Each structure stands twice: as C-alpha cells, then as structure tokens.
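By written order: A, B and C. Residues from 1 in each chain.
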C-alpha cells in the first residue's frame, strides 16, 4: 500500500512541477497571446480594442446626456453644450478608428472587452470585420440608437465643411448622388437614402 | 494514509510552486519573456490543482472519520451526520485557512482563464499578486498550522463539531464571507498590475468590475445572514453588537461600497485615480485584517474561536503588503493625475465623492473603536473597550447622511446639474419625506434619530420612484410602449443605473427596519408558571407548558407560548433549550413570531416545577431589515448581468452598415463613383 | 489655486471636521469600559465613580446563588489574591458553572459588588485549551453531562 500511496502522491507533485516549468523547458513558438508587444501586431490590436471601447464609452455618454435631458435634469443650454462636447469626442474616436482601418458600423456598439479584443484581432489581421453571427435584426429598435445615428451623421456632414482634416485619402469623396426622398412604408416617416431601418418605427427598409 | 500524504505534500508542493510562480511571473513581466510568463501562469494553475487535491483529501478524511488526523479528531465524532462532517472542513482554524486559499486558487484559475487573450500587460503581475496572497496562507498552512498533522494514537471517538456550528446558517456563513474577502483580492491584484506596469488607464477597473461586484455582494449578504443567524441563535434579540469580528467584515464592505462608486467617477471623468488605487489597497488590507481579527482572538470577542499563536504572521504580512502597495502608488503618482476637475457641487461626481468621504470616515471610526483596546493597553497599560454606545453615536448620524445622499444623487447629472432643474426635481421627494416626517410625529414617534432616519429613507425611496416614473413616461411617450414593458426595458437597458437604484431601495428599507427596531424595541423579563401570562404593548404571551425531546446529539426542552393580540390567538412560539452531549454544551434557540409590523421574540433561561424564566422582546419593523436585504440582492444581480442580456446584439443600423455591407456610406459603390 | 479649487478644499475641511467632531465626542469617558483584573476591581472601587468596567475571572466554586423568582443571580469571581462579588438580573447565560471563566461587565456599587449588565461566558473551544493544558474541567459540568446522558 505504501508503494501505491507514494506513487500517486509522487506523480501528482511531479506532474505539477513539470507543468509549471514546461514553458521554460520547451519555450512556445508563438508567444503572441501572452506578450503585449511581441511584433507590433499586438500593439495595434490592443489599440484598436481600446479605441472600440472608448467609442462605446463616448456613445454611452451621449445617451446618458440624452437620457438626463429626457428626465428633466438638464437645462437647454447645459444640454446643448454637453452634447456638443460628447459628440466631438465620439467623432474623434471614430476618426482614430478609421485611421486604423476600422470603418464605422463595422463593429457593433456596446461590445464588451472580449469582443473588442476579437474584433481588433480581425482588423489587425486585415480581415473584414466579423459580425456575421448577427441573425435577423429585430424590427423594434431603440429610438435613441436611431436618433444618435442621425445626429452623428448630421454632425459628420457638417464637419467636412468646417475643414476637419481627413485621416486618409479616400477614393473621390463625392456628393451623394441625388435621389428621391425615401419614406418608410410602415409609418410614413422620412428616411435618409442610406438608412436601412426607419428611424421612427424601426421597419426594415432595404 | 494516501489522503493524509496527498494533503500534506500537496500543500508543501503548492507552497514551493507559489514561490516559483511569483518569481517567474514578475521576471517574465519585467523582461518581457513569454516563456517565464507562461511558466508563472502554469505554476499558478498547478497550485490550484494541488490545493484542490489537498482540499479533497481533507474532505475525504472528514467524511471517513479518520481520527489519525488531529483536525478530524478535533471536529468530528461518531454521531455527526455527513452534512456536518462536510462542513467541519471549515469548522476549525486549519480547515478555515485551507478554505481561504482554496477559494483564492479557484478565483486565480478563473481570472487566468478569463484573461488568456487579454490584459497582457497586466496579467503577469496579476498572477504574481494573487500568488503572493496564496503564498502567505500556504506558508501558515505548511509551517504553522498544518491541517494534516497526525496523532500518535488515534482516539476511538472525536470531539465533535461545536453545536453552535451545527446549523445550516453557520455552515454557509464562513464560505459566504470568504467569497467576499477573497474576491477583493482580484481587483487588488489588477491594481498592483496597473501600478507596476504603469498602465493606469481604466482597464484595471473595467476588467474587474464584475469581480468587485461579486465580492461586495457576497460580503454584504454574509454580513446580513450573520446578523440573521445571531438574531435567531444567540438569544438576545438583536442582530448586531459592534463585536470586533462583526466589525471585521463590515469594514471592507464599507470601503468596497465607496470603491464601487468612486470608480464610476474615474471611468466617466478620469478623476480620483489616486483615491481609487488607495481605496482598493485599503479594502484588500481590511480583508486580510478581518481574517486576522476573526482568527487570532487578539481582541476579546464572544466570537473569537480560539486564541492563536500566528497572529504576528498576519500583522507582518499586512505591514509588508501595505508598505509595498503604497510604495508603488507613490512611485506612480505622476501617472495618476486627474484628467478633469470637479466642476460643481451639484454634480453626481460631487455626491459620489461625499459618499466616499463619509464611508471611509465610517470605516475609520469603526476601525479605531475596534482596535482601541489593543492600543490603549499598549499606551496606557489598561485595556479600554468602547462598546455599542460609541459606535452608534458616531455611525448613526453618518448613516443618515448616507441615505440622504443615496436619495439626492440620482437627481444630479454628471458634471453639473442646472440649478432650476435640480430644484424642480428636489421638490417632489422632499414633500413626500416631509409628509412622512409629519405622519411619524403625529403618531407619537419622537425619537430623533429614528425619525430622521425614516424620513430620509422615505426621501430616497421617493427619488427612486421619481426616476422610474420619469424614465417610464419618457419611454411610453417616445417608444409607445406600455408602462410595464417600459419599466422592464428601462431597467434592462440601464442595468448599472437602475440596478443601483434598486440596491439603494433595499438599503433604504433596511435602514428603516434598523431605525425602528433599535429605537423602539420593548423588552420584558418575567418568571411564569404554566397558565400564567405576560402582557407588553398589546401583546399577551401565555405560558402553556414544557415539552421535552431527545436525539442522539442532544436533549431539548420546548416552552410553549401562545401569542394573543386583542384577545385573538395569533399562534404559538416555542423557545427551546438544548443540551448537547459532545462537546457538552447547552444552547438556546429563540422562539420568534415574525410579522410585517413587528417580531415577537422569546427565550427562556431555565424551567423547573415552579415555572420558567422568560425574556420577551417586541421588535418593530425588524423584518424590514431582511426584506431590504432581499431587494439589495435583486438590485445587485441586475447590476451584475451584462448590458446586452435579454436583448440581441445588433449592429447600429443603416448608415453604419447592414448585414454583409460594412463600408461607410460615402464609400458605397454607386454607378456615379467610378474608381 | 482657482476659486473653484478653494471652494472644494474648504468644503472638504468642513466635512472632515464635522466628522472628527462626531468621532471625538463619541470618545467620552462614559462610553469607555475599562478592562480590569478582579484584584484591581476589588480594591479600586472607590476611585471609579460608577465607571463601566469589565472584569474577567473564574467563578468561585459554591458561590453561585440563583433566585429564579426575582430572576437574579449572584456569585463571586476569583482573582489573584481577592474575590469579587457579582450580581446580575435577567436571563442567566448558558454555561455559567463553578470554575468557569466569565467576563462580567457593569458598574461597581457602593458595597463593592459589581452590578453586571452583561455576562460573557467563554466559548467551548476554550475548554479544549483547558484540557490541553491539563486543567480539570469543573466537576459540576461533568455531573450535568452524566445526568443528561444517563436518561
């Protein structure tokens, strides 16, 4: 019995030690997942992940300000002033993301750290953004989301006129091809040319 | 012998590997070497494996009643059922410490797995910090109080489990509290990682938000359940005595609450960075200190399990941990500068800051009061204790201010609130609170602190109601939802905010319960013969007789009391007195009739032919304390769930792309835009 | 330092001062309870003026008198050289037996008796310690156990 006991205990302890020192004995080829800046790729990944989270923070701020306004805690001037600052911050983050190849809408808003990391990986690898696991969009939509989108769009349209520097040369940024105004077949509200969902009722347009 | 060897060698091996893990992780992090970082990580996982093996071994030995092991002989006997043999694991000193380190290893394992692909800058130091903590406990377990020490001759029967611990409440209590204590090691480890690496953005906070909530929640529940148990089992009709061991668990909870609030300021406005790192260091230190207080018996307490010889080890570790941690803070001060300034008193930041100051002040008062006997003995040569009068005198006004803040804060916006808007919002809850105040006074409730506490709790509740009302109205107006859907959606889309409101609601109700039951408790002590009655405050208790029973573990006597109110028989209560055999010890079980408006509470001291001696108490609104606790639990759970639970992930629609098309609007290929 | 900053610092000082005042005022000597040995309590009765004290000692054998009618209890505590009379009204704690260690908290009256508000009896694990040190567990306790187990 002594032999069995010694054997089992010995085996347990020995294998623990072995497991612990193994990376020193046989260093891993790919140290990527553990080191923050092995070959520059990770740094960019890390930056993208961080910017995505910053972007979500910025959006959340905007929504919070909007929310406080709805709840009647902010006066008109305070609201306008804070909103302007928050929007500016959001746009700045969006610009930084574009500079790193992440386009607007490529990664959904309100992701968590893990998803930010995954998305960043894919962008760093040069792949198109993931997002395919989203199935059918639900028809109801958060109108705050929609309003947010409109405002950011509107703000963006203004920005180029104010001479904000473009991050990278784009293929012929041209005025949008004039098209007839679109209306939502469900509720009749006006919808922008590029909108896929109605901002008022959430009906899928495309 | 297998399990004994497995246990003791397992602990020794874990001790060695923990040292290895610390050294390898720190070296790997500093020199940016993946092989060392991985080795350190693997070693931490191995420590987890070994500690788990040792724990399983101890469990086996307890269940099998292997009296060769001193710990088993000391806490189990031949009569004890399997459930209590299981819980005997943490019934004594050594097992309790093993449980602490087991939980720490489980958490370390989880953190490592969760972060295998992220936080690469921080993780080596996180691993090292967690392993240093484990190392301390493993040192004590390996060299000072080994759980697997054997006896030269195994006795035929063990000493059995303390009867006070043979109760499901006491079985859950230590693991419950330890989940809280140990849980705070995780945010602390990330903080140290941030300080060492210099990466002092909010990553260390956002990565550990749920861990902080988890630890804080379990600590809070542990405190409440401890109080509930004391209420039922200790027979003095109260649930909190400002006992040193109770205070030991309260203090980290207070600083943890402060921390939960102040990190929101850093996330939102980049302020209070130094404060936050200091606060989590203090919280961690208080959890170690709390474990020390509970285990060492250095401060005389009815709770103290046994005086131990290793209190000095805890103090030494505490001193080193504090010195190193604050040294790191001082070193990194330049990186901890605030990004913004506080703009207005009437802002949420300001209210959170005040909340923090108040909570830390309360902690300081409780700490000072708790260690005062030790200090006064060292300084003046006589031991002086300060009891409940001191703690209540200092903490009650503070708690009142706190509950007011909990009410005022939702009315404030971040950065600044427009004066007029604030006034408008302030009116409704103030009017309701004033109404409550007037009602109380009208009904003859005049105890100053009770009235203030209840009125301000009403103020808080009214604010929360107002927030919900306004939020729901906004959704009904803009989204066309019905009120119930709006209520649900509002909470689920703003889990942090509205979960927090519900936690506050729970605290307000709890506070009302505390105020009423403390200020207006009625006590009566009397000796009754069978058939005789005692009346108090409209309640009549009639002693009907004694009944005795017996089981292998104890004999017991029940005193049957009929409860009458206004001539109507409400029911019966049966306080009980037990006499356990091993170890020989009597215990008291209170007879309680719980009600929404009050509790009727009875214990009896002894009974003979000529009657029994009783102590009766009426505790108004006592169950509000537990009800508040339940609501607190609900709110915490809401805060804990991820933001998108219950709602499917969606990309921002339209201009931001739809399925398959992820290019920005002005890049979309149209016929006009020839490349 | 901007006026804004100054405002906050002043507010901070006000809050902290208020708190310190509260804390310090709680430290009044009538909130204090002095921990004394039996001998000190027995001799210093006069100088204490109704100060709250806490005394630890062992119950002197054969001095426990119970008055169930009046719910009273009296006994003497053993110190190094002297003994101290203790009286208590109310529900007596479990485990109060001859020779047991007890902590009594209360005030001394004119006759030098400690009128106890609170009696704390040691936790059973203390008995383990006593056994380990070779002290005898009090006889009464054994008898009580035997009585219970025999039935």
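Keep this in mind: contacts are C-beta pairs under 8 Å (C-beta built on N, C-alpha and C of every residue); 3 or more make two chains touch, one makes a residue touch a chain.
By chain, UniProt protein names: C = Cytochrome c maturation protein CcmE.
In this text, all values refer to a predicted model and were calculated from it rather than measured experimentally.
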item	value
Among all chain pairs, the one with the most C-beta contacts	A-B
Most remote chain, CA-based centroid, reference being chain C	A
Cα-centroid distance, chain A relative to chain C, in whole angstrom	63
Inter-centroid spacing, chain B versus chain A (mean Cα positions, whole Å)	35
Intercentroid distance (Cα basis), chain C paired with chain B, Å	29
List of chain A residues in touch with chain B within their complex	1-2, 4-6, 8-9, 12-13, 16-17, 19-24, 27-28, 31, 33-38, 42, 46, 49-50, 53, 57, 61, 64, 67-68, 70-75, 77-78, 82, 98, 103-106, 108-110, 112-114, 117, 128-129, 131-135, 137-138, 141-143, 145-146, 148-149, 153, 170-174, 176-177, 192, 194-197, 199, 205-206
Complex interface listing, chain B residues touching chain A	1-2, 5-6, 9-10, 13, 17, 20-21, 24, 32, 34-39, 41-43, 45-46, 49-50, 53, 116-118, 120-121, 123, 201, 203, 206-207, 267-268, 411-418, 420-422, 424-425, 467, 470-471, 474, 478-479, 493-494, 642-644, 648-659, 662-668, 670-673, 675
Interfacial residue positions of chain C with respect to chain B in the complex	4-5, 7-8, 11-12, 15-16, 19, 22-23, 25-27, 30-36, 54, 68-69, 71, 89-92, 94-95, 103, 120, 123-129, 141, 144-145, 148-149, 151
Of all residues in chain B, those that touch chain C in their complex	74, 159, 162, 164, 235, 300, 302, 304-307, 341-343, 345, 354, 357-358, 361, 364-365, 368, 373, 377, 382-387, 389-391, 393-394, 397-398, 525-527, 550, 555, 579, 581, 583-588, 603-606, 608, 610-611, 613-615
